[in-house]
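In the two complexes below, chain A is the common chain; its partner is chain B in one and chain C in the other.
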Partner chain A sequence: MTAVTAGLLAQGMLALIAAVLAFSVPPRVRSVVGGTLCALTAGAGVITGALVLVGGHGNVTLVLALPVDPLILASSRLGGLFMVVISAVGVLVSVYGIRYAHGAAASRTSWAALAAFLLGMQLVPAAGNSLTFLLMWETMAAASTVLLLADHAHRHQVSSAAIWYSAMSQLSFLLLLAGFGVLGAAGVTTFSASGASVSTTPAAGLAFVLLIIGFGSKAGLVPVHVWLPRAHPQAPSHISAAMSAAMVSVGAYGALLVCTRLLPGGPPWWGVLLMVFGGVSAVYGILQASVTSNIKVLLAHSTTENMGLVFLAVGASVLLRSYHATAAADAALLAALLLLISHALFKATLFLGAGAIQHATGEIDLDRLGGLLRRMPWTAATFGVAALAAAALPVTSGFVAEWTLLQALIHGSRLGGTPVAVVVSVAMPLAVAVVALTAGLALLTFVKSYGIAFLARPRTAQPAATEVPIGMRIPMVLGALAVLAVGVLPGPVAEMAASVLPATRAPFLHTIGLGGISIPSIGVVLDPAALVVLAAAIAVPVAMIVRILSRRHPTRMTALPWGGGGSRARPRMQYTATSYAEPLVRVFDDVLKPSRDVQVTHAGESRYLVERVQVEQRMADVVETRLYRPVLNAAQRFGVLARHAQNGRIQQYLAYSFVALLVVLVVVAV
Partner chain B sequence: MLTSIFPQAIGLCAGVLLLTSTLMVWRHSLLASIGLLAAQGIGLAALVALIGVHSGDAQLLVVSVLVLALKGVVLPWILARQSRASTRTVEESPHQNPIVALLTVAGLTILSYVVLGRILSHVGAVTAHAAPIGLAMVLTGFLLLVTRRRARSQLVGFLLLDNGIATVAFLTSGGVPLFLELGISLDVLLVVVILYVFTGRMHAKFGGTDVDTLRELHD
Partner chain C sequence: MTGQAVVIAVVQLALLIFVAPLLIGVIRQVRARLEGRVGPGVWQPWRDLRKLLGKNPVHAEGSSWILTVGPLALVLSSLLLCVLLPLVGALNAPMIPSDLFVIVSVMLLGVVALALVGLDAGTAFGGMGSSRHMTVAALVEPTVLLAIYALSIPAGTSTLSVIVGARLRDPAIIISPVSVLAMVALAIAIMAETGRLPVDNPSTHLELTMMHEAMVLEASGRDLAWLEVGSWLKLAALLGLLGNLVAPWGIVTDMTLWSVLLGIVAVTAKILLLGVMLSVGEVFLAKVRLFRVPELLAGSFTLALLAVTASYLVA
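The block that comes next holds the complex of A and B.
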């Protein structure tokens, strides 16, 4: 038995023990025991994945009594990387959950479901055939539904969110089932066998489309994203973090599995399809995020955006590879992996931060938050770092990832100075534009979320929020440190990610300087640590000079002679999240379709004195109103019609059998 | 001598079966239907006896006696007893008018000839040529089940359907083993007794046996 095999088995055992103990220990210690064991399960996943990444092998084959394929867990480098990322998020959320979970989220069912959820997510990347994959996938989907439903007794929105979520989960599962079925019929039965020879057949094309939509639904891509903004705000925050940082990565893993292992070398249209799917999601997701004021909904939409970018990168890689621009294709794939790693880290931190805010204030509406910087310095610092990463600003992981993506896209359209193909020449600049637009809107979004919640003055007269306990701070700090580490020293992580790419040429990526990266095949270099040192070399002296100069004029007091209202600014005069995003809503009016309701209450008889103005703005999800509503209405109409057929008359039921019998006879006779 | 009149005799019996079935669709009176059912039972028994005599199979003669007892006497008696107990003359008002019903029966008979004609075209036996009558009875029985409103009329339809199945079995395979026939007969008897009790309860509970009024369970 190799170490990897032992690691795979240990994950299963630990998850089982966690589930059993969650049901047996008394409520007093349940969260501690459950959280610790869940963290151990995830820790085993981190170790197993790391072992695979450094070259370990191992597999587990479980022969079933049923006449189906055996269950196979087999190590692969790509799977190892995902196992590490997902399990790392698992460790953070489990530790966080120990102190955070309370009420229904700390019930026996919830802790047992969390163990199952983590196990399912961690073993999906280890699946060696479609049966195992689907089983683990369904474990993940079912357990996450249970977790989402934790608080259904108190809030009716939870049930509605859970219905949407499970419907979309099942849709995704059915698409995957169909996709793997078609794939199996085309001759790709196990994941170890490459289907490169069948990639150009129509069957492979059908399987590709089915699988990508199925995986895209789990990754929260438009138009199958509708569960995401519903489920995340309703789930407990650590569960939202696990779903948004880890589970969507499993969806992206599926897409990478299809594009690099199951059906490598697909035709160009696959790449274009992926790029469109991803690009639309990226723009639409960040646009929705930028105009919402609920912090968790904002983060959920931002997940859609990031997964869109991942799919865009994967699509670019498929497109470039089909035109033999291998170097750029590899860079795009590397960008996809870096985006995923970065997203998992910062999104986990952000959701944990949102959980901390909710824990401290009981509020997740940005319009009612403010002034948390002083009250919750740890949360403010970690949330800030993660928000920088989400906005793809330097010294964070987000910047490294988007930089790599942009480099791949810019260098992709030309191979050695000559254009590759028309479709590439058109697609790559468009993709660059999409990434640029997304980055700009992301900056605006996270400036809004950080500025309004932490920097603004408190808006409500509620009792002051206090910093969360240390047990919740540690995971947030770890997450933020990881974001910074990848951002400043991307070399080791990038090298690890590059090692899982399908081996084409040996030295694809070099680590240079203080953990910087260099991709010689497309001739680009990034060394954030050097930039940091350089920036410090400039900034520190300037800061010191300013400091020294300010000492010379000890106390200078500024009093505005005429403040114009500015000297008596009240919290209500500040920007709110809604008002900050208002110009954006105007610009994207056609896409966002906001509906506004303004109610003016006049003071007494006067037309000119206003006592109160109430403004209400609702954003409808265009995809939902234009795509889902008609389908749901049609289904409802069909249901009403079907009730005519099912009306309780015995003769009618007999008549159905009779007609069926006659039809059979007529078919036999003809 | 028997060999020479065997085809005609089979044809005669099959004719009786078809005629009684058709009349059951035409007549609305329940008592009349039950009388026709008894006649059909006797016809079926005669058919079984004929096949038995022709093939020299003693077991089939026993089966024929069984069929006569059950389908010619016991089942019609049970039904008639119940009918007399409730009302003297129960008039059925079916969903189809008689002319349409008769045309439908004609259509169904043609369909069964077409279908079984294809399947049994390679079988040269005389009995096989009459087999479509059995299928026509099955379909007619089904039609009665679908179009009749009252539970007891539907019971008649069910028994007609069962007779049809038995007819097809006897005509195509030269009869079924005694034990199998015994089992089937017991089943039918059981079903009829259960439905008999059931309709009795229905009558007591709702004051009628019109199944149209039973629509509570549709949600």
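The block that comes next holds the complex of A and C.
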């Protein structure tokens, strides 16, 4: 038994122990025991994944009594990378949950479901055939539904969110089932056998479309994203973090599995399809995020954006590979992996930060927050670092990932100085534009969420919000540090990700300087550490000047903020998240379709004296109202019609059985 | 090579710190003369700076340390721009990353710092300025990155010093349709990014039309001085970049004392000339309504997209 095999088994054992103990220990210590064991389960996942990445092998085969394929867990480098990323999020989330979980989220069922959820997510990347894959997938989906339902007794939105979530999960599962079925019929049964030879057949194309929509739904892509903005705000924050940082990565893993291992070398239209799917999601997601004022809904939409970018990168790599631009195709795939790693780290930190805000103030609506920087310095710092990464600014992991993607795109359209193909020449500039617009809007979104929540003065009277306990701070700090570490020294992580790429041509990626990256095949170099050194060299003289000046004029005065020459500027007069995004709503009027309701109450008889103005603005999700409403309404109408056939009269049911019997007899006779 | 690059970096830094206030002085003076005023003279920004640096800042109640650190972050980002852009010299040293995407993101750090300063005081004006500033920044981003893409095509890389070097060797690139379209798009983006007319009026005193000025409303004393210096440096550096892309001659590629002196003179002349042109242009322009700005930016985006697609048709 190799170390990897032991690791795979250990994860299962630890999750089982966690579930059993969650049910048996007294409530007093339940969170500590449950959280610790979940963290250990995830820790085993990190170690196992790391062992696979450094070259370990191992597999577990479980022959079932049923007449189906055996369950196979087999190590692969791609799976190992995902196992590390997902389990790392799992560790943060479990540790955070020890102090955060309370009420229904700290129940026996919740802790046991968290263990099952983590196990499912960690083992999906280890699955060696479609049966195992689907089994782990369904464990993950079912356990997350249970976790989502934790607080259903107190808030009715929870059950509505859970219904949407399970409907979308099952839809995704059915698509995957169909996809794997078609794939099996086409001759790809185990994950170790590559289906490169069948990639061009129509069956492979059908399987590809089914699988990509199924995985896209889990990754929260438009138009199958509707569960995301519902489920994330309703789940407890550590569960939202696990869902948004780790579970969506499992969806992206599926897409990578299809494009690199099951059906490599697909035709160009696969790449174009993926790029459109991803590009639309990226822009739509960030646009919705930028106009939302609920922090968790905002983060959920931002997940759609980031997964959209991942799919865009994967699509670019499929497209480029089909035109033999392999260097740029590899770079695009590397960008997809870096985007995923970076997203998992910063999104976990952001959701944990949102949880801390909720814990301290009881609010997640930005319009009612403000001034938290002074009262929650740790949360402010970690949220700030993660927000920088979400906005793809240096020196964070988000910047490294987006830089790699942009470089892959601008180097993709030419091969040795001549244009590759018309499709590529059109797709790459548009992709750059999509990435740029997304980056710009992400900048606004995260300046808004940070500035409104942490700066200025509280917008509503909050009873003394204080910093969260240290048990919740540690995971946030670790997440933020990881974001910075990957941002300053991307070399080791990028090299790890590059080792996962299929058929790596010897040194695809070099580490340069302290920990910079260099991709010689497309001739690009990035060394964020040099940037930091340079900034520090400039900062020293500036800091000296500041110090001299502040010695000379030491006192600082405080005064009222400028109230336009009128009265004292009250906190209510500040800009809110909604007003911050108002110019953007006007610009993207056609896409967002805001409905606005203004009611003016006049003072007395005068038309000019206003007593009160009430403004209400609603932003409907266009995809939802245009696509899902008609389908749901049609289902409803069908249900009403079907009621006529099912009216409870025994005679009628007997007539049905008689007709059915007749039909059977006729069919058998013929 | 590395030692020479460091020398060039230090020279650029010192030169820009000197030229940036002068540039603003020239712009204001030219505008004053064209409007029939005497004007305060080209050295007035220096005097303003001396005055502001000698004053105690007054902080709004309820503001945080962002109001002190934000301005410094903006200055730092602008100073980094002055080092990273090929202004006096286009030497390719591994120590100093001259990748355009990196440079743009360093600039965006300054944009974010300024937007946070605007929000920190907790006034309606600050928030308004910050919101508009970020909306414009978000919409400018696609233009900037596509223009970079277009510029990178002839050189085959997004490393700025290589792009400038290629233009110096083969001036035909400069007047190719790809380059012209990209330069026009980039120029509009730079005007929007630095808060010049027609996007923002730098000399307005009406709160409701302000963008940049509304964000700095609560800053005073040396905080205000840092904010002003940061914005000035950014404008000067970006004009220098534009100048070197349009007319790369005079830039240092081999290191001698005379070539460095020539480089200094050349880049100063380019920056000041562009400043005068900007000022003259601004006299004839009115600020467009905020909600017409996206149309302008969409226009510049189209130019950039045309530039990229043209490169496949022409080349």
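Here, the second predicted complex is superposed on the first by the 632 of 670 C-alpha atoms of A that agree within 3 Å, B and C clash if a C-alpha of one lies under 4 Å from a C-alpha of the other, contacts with A are read in each partner's own complex, and residues count from 1 in each chain.
Simple rule for what comes next: contacts are C-beta pairs under 8 Å (C-beta built on N, C-alpha and C of every residue); 3 or more make two chains touch, one makes a residue touch a chain.
All values derive from a computational prediction rather than experimental measurement.
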item: First (chain B), second (chain C), both or neither touched by A:Met1; value: neither
item: Partner chain in contact with A:Val668 - chain B first, chain C second, else both or neither; value: first
item: Contacts of A:Ala655 with chain B and chain C, given as first, second, both or neither; value: first
item: Touching partner for A:Ala559 - first (chain B), second (chain C), both, neither; value: second
item: Winner by number of chain A residues touched, once chain B and chain C are compared; value: C
item: Touched partner set for A:Arg457, first chain B, second chain C, both or neither; value: second
item: Which of chain B and chain C A:Tyr575 touches, first, second, both or neither; value: second
item: A:Gly513 touches, of chain B and chain C: first, second, both or neither?; value: second
item: Residues of chain B touching chain A in the complex; value: 95, 111-112, 114-115, 118-119, 139, 142-143, 145-149, 211-212, 214-219
item: Residues of chain A touching chain C in the complex; value: 290, 370-371, 373-374, 388, 391-394, 399, 403, 406-407, 410, 413-414, 417, 419, 425-426, 429, 432-433, 435-437, 439-441, 443-444, 447-448, 450-452, 455-457, 512-513, 523-527, 530-531, 534-535, 538-539, 542, 546, 549, 552-553, 555-564, 569, 571, 573-575, 579-584, 586-587
item: Chain A-touching residues of chain C, taken from the complex the two chains share; value: 13, 53-64, 66, 72, 75-76, 79-80, 83-84, 94-97, 99, 101-102, 105-106, 108-109, 111-112, 115-116, 119-128, 130-132, 134-135, 137-142, 144-146, 148-149, 152-153, 156-158, 207, 217-218, 221-222, 290-291, 294, 301, 305, 308-309, 312, 315
item: Chain B-facing residues of chain A, complex; value: 643, 646-651, 654-655, 657-658, 661-662, 665-666, 668-669
